[in-house]
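Working notes, beginning with the structure itself.
Labels A, B, C and D are assigned to the chains in the order they are written; within every chain, residues are numbered from 1.
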Amino acid sequence: MGELWSRILQNYPYVFALALFAIGIYTILTHSNLFKKVIGINIMEGSTYILFIAAGNIRGGVAPILDMGDPELVYVHPLPQALMLTGIVVSVSVTALSLALIMKLYRFYGTVDAKEIMKIRSEVRANAGRNQ
Amino acid sequence: MYWSLILILIPFLGALALTRFRDLRGQSVVGIGVGAITLLASIMNFLALRGGEVLNWQLGSFGIFEPCFRLDGLTALFSLFTAFVWLASGIYMYTYMQHEERTLSFYVFYLITLGAVQGVFLAGNFLTLLVFFEIMTVTSFFWVIHRQDRESLRAGYFYLFLGIAAGLCLAGAIALLVASGTTIEIGMGAIMPTNKAMLGWAVFLLILGFGIKAGMVPVHIWLPMAHPVAPTPGSALLSGILIKAGAYGLIRTGQLVNWGLADLVPWLGTFVVIVGVATMLLGVGLALLQSNAKRLLAYHSVSQMGYIILGIGTALVLKGQGGYGISGAIFHALNHALFKSALFLGVGIIFLGTGELNLYKLGGLWRRYPWTALCMLIAAFGITGTPGLNGFISKSLLHHGVFEVALSGNPVMVWAERFFNVVGVGTVASFVKLMGLTFLGKPKTTVPKGTGEDPFLATAMGLLAIVMLIIGIQPQLLMDLFIKPAAISTGLVDLSHLGHVDFFAASAIWDMIITLVIGAAFFGFGMKTNLFHYTPPQWLSVEAAGRQIVRAYAWLDGGVSKIYQAVSLRIVFNARRQYKRMMTLNRKLDFEGGGIFTVLNFSNLNSNAFLILTVLAALVLYYFGSYMLGA
Amino acid sequence: MPGAISENLAVLIVVALLSTAYIMPLLTKIRKFHVAEFFAVFMLALALSGGVYLAREILHNGAFTYAVGGWPAPWGIELSLDAISGLFLITVGLVATPILLYASVDLVKDVGSRSRAAWFLTLFLLLVAALCGLGITGDLFNIYVMVEVATIASCAIVAARNDAVAVEATFKYLMLATIGSGFVLLGIGFLFVLTGNLNMAFIAQELSASWQNYPTALWVCLSFFLVGFGVKSALFPLHVWLPDAHSSAIAPSSAMLSSLAIKGYIIALLKVFYVAVGADIITRLPITNILTVLGMLAIIAGALFALAQDELKRRLAFSTVSQVGYIFLGIGLGNIQGLTGTFMHILSHAATKSLLFLAAGAIIKQTGKSRISEMAGVGFEMPVTLGVFAVGSLSMIGIPLFSGFVSKWQLLLGSLARGNYLAVIVLVGGSLLAAAYLLPVLRKAFFERPTQSAAVTEVAYVQLVAMLFLAVVIIMIGTFPGVVLQLAEQAAATLLGLEVLL
Amino acid sequence: MSTVLVLIAIFSTTFGAIWIAVTPNEAKTERNSVALGALLGSAAIVWWLLSLGLHSGVYPAFNIGVASLSLSFSLDPLGLTYGVLASTLWVFASVYSFGYMDQDRKQRQYFSFFLLSAGITLGIAFAGNLFTFYLFYELLTFATYPLVVHAGNKEALEAGTKYIKYSLTGASFILAGIVMLWRVTGGVLDFGSLPAALGSASPSQLVVLLFLFLIGFGVKAAVMPFHGWLPSAMVAPTPVSALLHAVAVVNAGVFGVLRTIYSVFGTEVIQSMNVRPILLVICSITILMGSFIALKQDVLKRRLAYSTISQLAYILLGAFMLHPLALAGAILHMIFHSTLKIVLFFSAGIVAEETGYLKVSQLKGVGRILPLTLGSFGIISLGMIGMLPLSGFWSKYYLMRGSLATDSWILLVVLLFSGFLNALYFIPITISAFAGKSELKPRQKTSVLWLMLVPTLALAGIGLVFGLWPGLTLPLVDAVVAQFFTL
């Protein structure tokens, strides 16, 4: 048991990241407001950044700039950081796209609440279903 | 051989030619002409085998099917009297057909059937025989339904279906014969069959098949129905000739098993004897009860065929010693052809005049129809076996045969001998009835003018009568000329005692006279006690049994189909319902408001995300589960 | 082809497509917008020819890797060009070109305005480029990037048709896809944590050495990948977004999504499972059985859902779910025939489903009827369209001489090789169900009297040409599968790490 | 050379179909001439190939395509029998259709699919491996579907759906069987080398395989549990029902069974599996039940359909007896039953066209109006019963001999009894047609009627000729028997 605790304490960034991820998912699930869903998405992706950075980080490591002078320097793994930059870009674009869509939806349905939208749409579809 | 070809082909060609003639006169001329040609051809055939050799020839080999023909004493005899009777009835039809409609079709089938029958007699192996046999069945069927009223159609169906059954039996028999490693050549005896059981069944099927044609009990039912309803010439030929095809086949069957020598089919002889006796008894018994002249004659055909079958049976029992039986059978076939057709023709003449077939409504017609009465009287004496007429000869031959088997002391055979005499008595009685009620007494019906005898009818009757007389007076001549060669060609071993048969021995004649007297007495007794009006209960008849079978089948079939319907409908119905259910379920999964399915609803974002998580959780849990179980 | 190009051909294809994509918006102002469209089509055709060239190279000289910018792995980005990428490049080019050709006819009318049309082209080309990238990439970083690009692009082209249903569907698609990519990212993160590498070859080495030490972690990350890619490629229980998205988009978008977009993620999944993690590990884990089961479920359930639909495009969308099941079944079988079947089915389903969607779009556009029950007698008015629709249906059912049969055949062999008789039954039953939901359309169209005969004409010749091209592709693959089959077998062999059988 | 000829024989009709499909619906003469020409051409080539094979023993065999699934064609006596039969009868049926379809609106569709299915049938006949066989078998279903639903009304569509359902299900059984076979034999599908390759299979595998194939083909051969589609498919135009549902399609199923038994498994394997009793019992049940059900049908074509079901079982019976004589009987029955049954259908079609009567109970006295039609019907129906001098007898004769040679007596009884049942349901049709009086007026013979009448009479004549000269088929039958039995 204690051994488990110690493991968790060693890898606390990962635990933290997973917790954040769960929170993000939870947000997406529980909130029917589209904006909140988008926020949830962002939280979720944020958690992954933490995960990567933590994985790439080394205690006392410096930025990976080649320096012939000092061979003992420890570099931080650059790859995850690069990846995360991309990830940030991606999440931004996703957010932008989803916000645009939400605007359109508001224009069409007059609401940003998923349940409302569902109700309206299902009525339309149900009528269609009845016709067939 | 060319004459045989002519025998078979000319009728078919004649039938083709007939279709050109629209008028009755032309048609009948063609009919008579063809009949004459066939008669000539059969005579030539007869002359062709003086010296008693056997002529065989193949009509080319068509691979699977090798039609081959055979000409020997038996064949020649049968084809000869066939052609003769056919000619006679052809002449008769010249007048008779003026009172019928659709004469063309009748004439066409009349000729085709002639060719077919000749083919049956001339066939050299059972396949060839079967070809003509089937043709004969179908074409003669059209005689039966010629009137096309309900009764004749019903009779026709019986006739055709039983005929087809006979054909199928023969087909099966042929297959069995081939499989049993024996020959299907006609006129050959089976030698060393590889499979005796198969041979036995083959012979049984042959007996059945030919027996159906020969009106053998219990498959005789078609005969009393079919013969009366046909137009008179048709009845005459059906009764006179076509059933002889069955008899011919039976004789050949006997020959196939070497007349019981080497016991290929042990049970055969006794079986045939019993069947023969049964046929005789039943035929004559029912004949006594008939009031319709034609039906009476038809039942007599049954009983006379019984005589022939009995003769064959005795020959089979005596294993090659049965010269009497077989020659009697052949002789009786010839005689029966003559007098039965004569009788039918005579009745037909009366029917033309009076339009009446019920004996009890006829009477005193001998003034009106003297010539007919005379010829019919001769024929009646013939069939009752009065000394001095043809029937007497053949019957005494048969009686010799039966007597010989009876000597063996086997109770069956003894009783056969006794029944033989009883049937004789019955025959006499019924013919006294026929002749007496028809011609004697006071007239009960008025006969319109111009419907009496005319030369053609008279000629037809006369021809037959004369031949009968000749046979009756000169039996030995006939024996040497026709019967012996025929009997020889049936492969009999011993014919020595046929040479010196004393037909007119006092004892034989005495017996016959006694029979006649008893018969007459019995007729008187029957008339007094209204015995002849007794109708046997329906359930006794074979038809009734058949009807029961049909009803049972219908019941069974109805039940089965009901069950089938119920089950299949149920299945289909359930399948439909389940399908509908599934489809509605799918729609619910697809639309909002799916009741309990809202959780999985495809259009609902939250539930979808939830679904994804559950899948993930399921995966991980599955792994841990297996992990724990594994560890 | 000059050496400089042929060496860098792999990356050139992607780059060319990307740059074309970015040019498109600039072409809005030119007088004849068709020029722009045909330019795009032309670029796609070029990409196709490049893909064919690469495939030939790979077939003859074997697979090779290409270090982008000359930086070797693990620092540089590595493209691994093997039979898989060759096959997928061909697939993408072969299918995307006719789709865009079809779209180009009245794109402006479909999406509303010229500028929107131009942006549509951009997104389309972006999608194609991303798919090509997925085909040729060799490390997880790239996979992630390409997956994201593909996701966003496909979402956007769904929304291209500017109406409520489309947008709503798009939003849902976006949300779920993002969750999916979140999982994918987590999975990549796990792999990175476990191995410290993002290059698949290296990861494979690391894992094969030391995977027994942390099976649980590996399993969890595999599940992340499965769910993440499963969502994006509409594996059965996760397919929920697909019907809405694919049925509400305009015909070319639906065709593109249903036939190619999904396959991109499947290729990615294959690479992760079989290249990064390695065939021996995967086949030893129960995940393959899970894939098989899910695949069978997908085949049956998708078909049943399709049966229930009356809207033609929706029915086709659900049929996609069912067909994806075949692909996953093949992945789960994990033997050479099964994976060959998977690749063949990726190709044949791409061609077939795009053909069906295009034909359906043509019907709906010309007759204005979107429901099957209204389509009585359409076949007499649009014989060519319905004819190619018939070709597509037969291929989907898996009639010999059509491409569908080849893949089904391989899958059947694979499942028998696995001794999985249930899979055999499911495959056969699945094709029967396909007949059940596709043939009624033809029956309606060809053999039932039209209710009222509106004067309906065929679509434009260019569109007919596009559809006929796809039909010919289907029949050619079905009749002479030789080369393609060889490529697919080689791809399967590469995945399984067998030496290439030629 | 002969390779090319085979391809021409198969695909000439296909080209004809395309040609017809592009000719306008009005160009009747062009269409008819194209159809007749294509069919005659292919039939002539098939006959030539047959004579070549029979005289010089040269049977062309070749492959198309690459990789594992190659289309392979190889001719053999069995295939040629079916091919000759189908292509010849197709010619007659096309002439008949010219008359029958004279007033039809969708003649173009009809004739193109008519020709298409002719080519496909030849493909089935000449297929050299199971895959090719399956391919054409599958295609046949789709090519004949339009002919079945030609009427376009509700009933026809339902019948067509039923047809498709049954056929596709059967075909999927076959597909499963083929794949399994592929596994078992390691990729050998050629008929020539299959029996040898099956040596390694385990008994259980063999049984599963056999039943997969038999069920698959049994659907098209209308064996009893799977016969449901045949009677309902009778809504098709008469030439179609005649050709497809008495000759081509059903015989394709029968042919498939023959292939399965003799070319795929080989007699030794089947013998060793001792499944023979089961199969024979199924066939006997089909024979008898078919006849019994036919007795109750009042619609003429349905009655014919059930009689077809029972007659096809004869062929299967012969195939399952695994004896040279029985096989000869099966082949003969395949030939003779087709030639006879097609006449019956043609006559029924003429009656329906001329008088509009479909029911047996309506036929009273029609024989007076259409004497030739009903006459040929009556004569040929005697052949179906198995009466000489008609060809039907000889096949039954050989079947009976086969059943005796294999010591299965009961089959002899079954054959005879079903023959009698045939009589029970065929004879009354003719009799009532000729006996009764009909209120219809006899009409003059139009050219259309002659177009329908001539093939009917010709085929009836052929039936008679075969009855008197059954040896004409002997070389073919001998070749087939010698192909599978070493005598």
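Everything that follows uses one rule, which is that a contact is a pair of C-beta atoms (placed from the backbone, for glycine too) under 8 Å apart; a residue touches a chain by one contact, two chains touch by 3 or more.
Just so we're clear, the structure is a prediction, and the values are computed from it rather than from any experiment.
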Interface with more contacting C-beta pairs, comparing B-C to A-B: B-C
Nearest-to-centre chain - CA centroid comparison: D
Chain centre separation (chain B, chain C; CA means) in Å: 79
Cα-centroid distance, chain A relative to chain B, in whole angstrom: 100
Distance between chain centroids, defined by C-alpha means - chain A, chain C (Å): 26
Separation of mean Cα positions, chain D and chain C [Å, integer]: 44
Sites on chain C at which at least two other chains make contact: 171, 175, 179
Multi-chain contact residues (two or more partners), chain D: none
Overlap residues in chain A, where contacts from two or more other chains coincide: 25, 28, 37, 121
Full enumeration of touching chain pairs: A-B, A-C, B-C, B-D, C-D
Complex contacts: residues of chain D adjacent to chain C: 65-69, 131, 134-135, 138-139, 142, 146, 149, 152, 157, 160-161, 164, 168-169, 172, 175-176, 179-180, 182-183
For the chain C and chain B complex, residues of the former touching the latter: 171-172, 175-176, 179-180, 183, 215-216, 219-220, 223-224, 226-227, 230-231, 237-238, 240-241, 243-244, 286, 290, 304-305, 307-309
Chain C residues touching chain A - in the complex, by the definition given at the top: 74, 141, 144-145, 148, 152, 155-156, 159, 162-165, 167-168, 170-171, 174-175, 178-179, 181-182, 185-186, 188-189, 192-193, 196, 198, 310, 371, 373
Chain C-touching residues of chain B, taken from the complex the two chains share: 582-583, 586-587, 589-590, 602-603, 605, 608-609, 611-612, 615-616, 619-620, 622-624, 626-627
Contact set on chain D toward chain B in their complex: 292, 296, 382, 385-389, 393-394, 396-397, 400-401, 404-405, 412, 415-416, 419-420, 423-424, 427-428, 431, 435-436, 468-472, 474
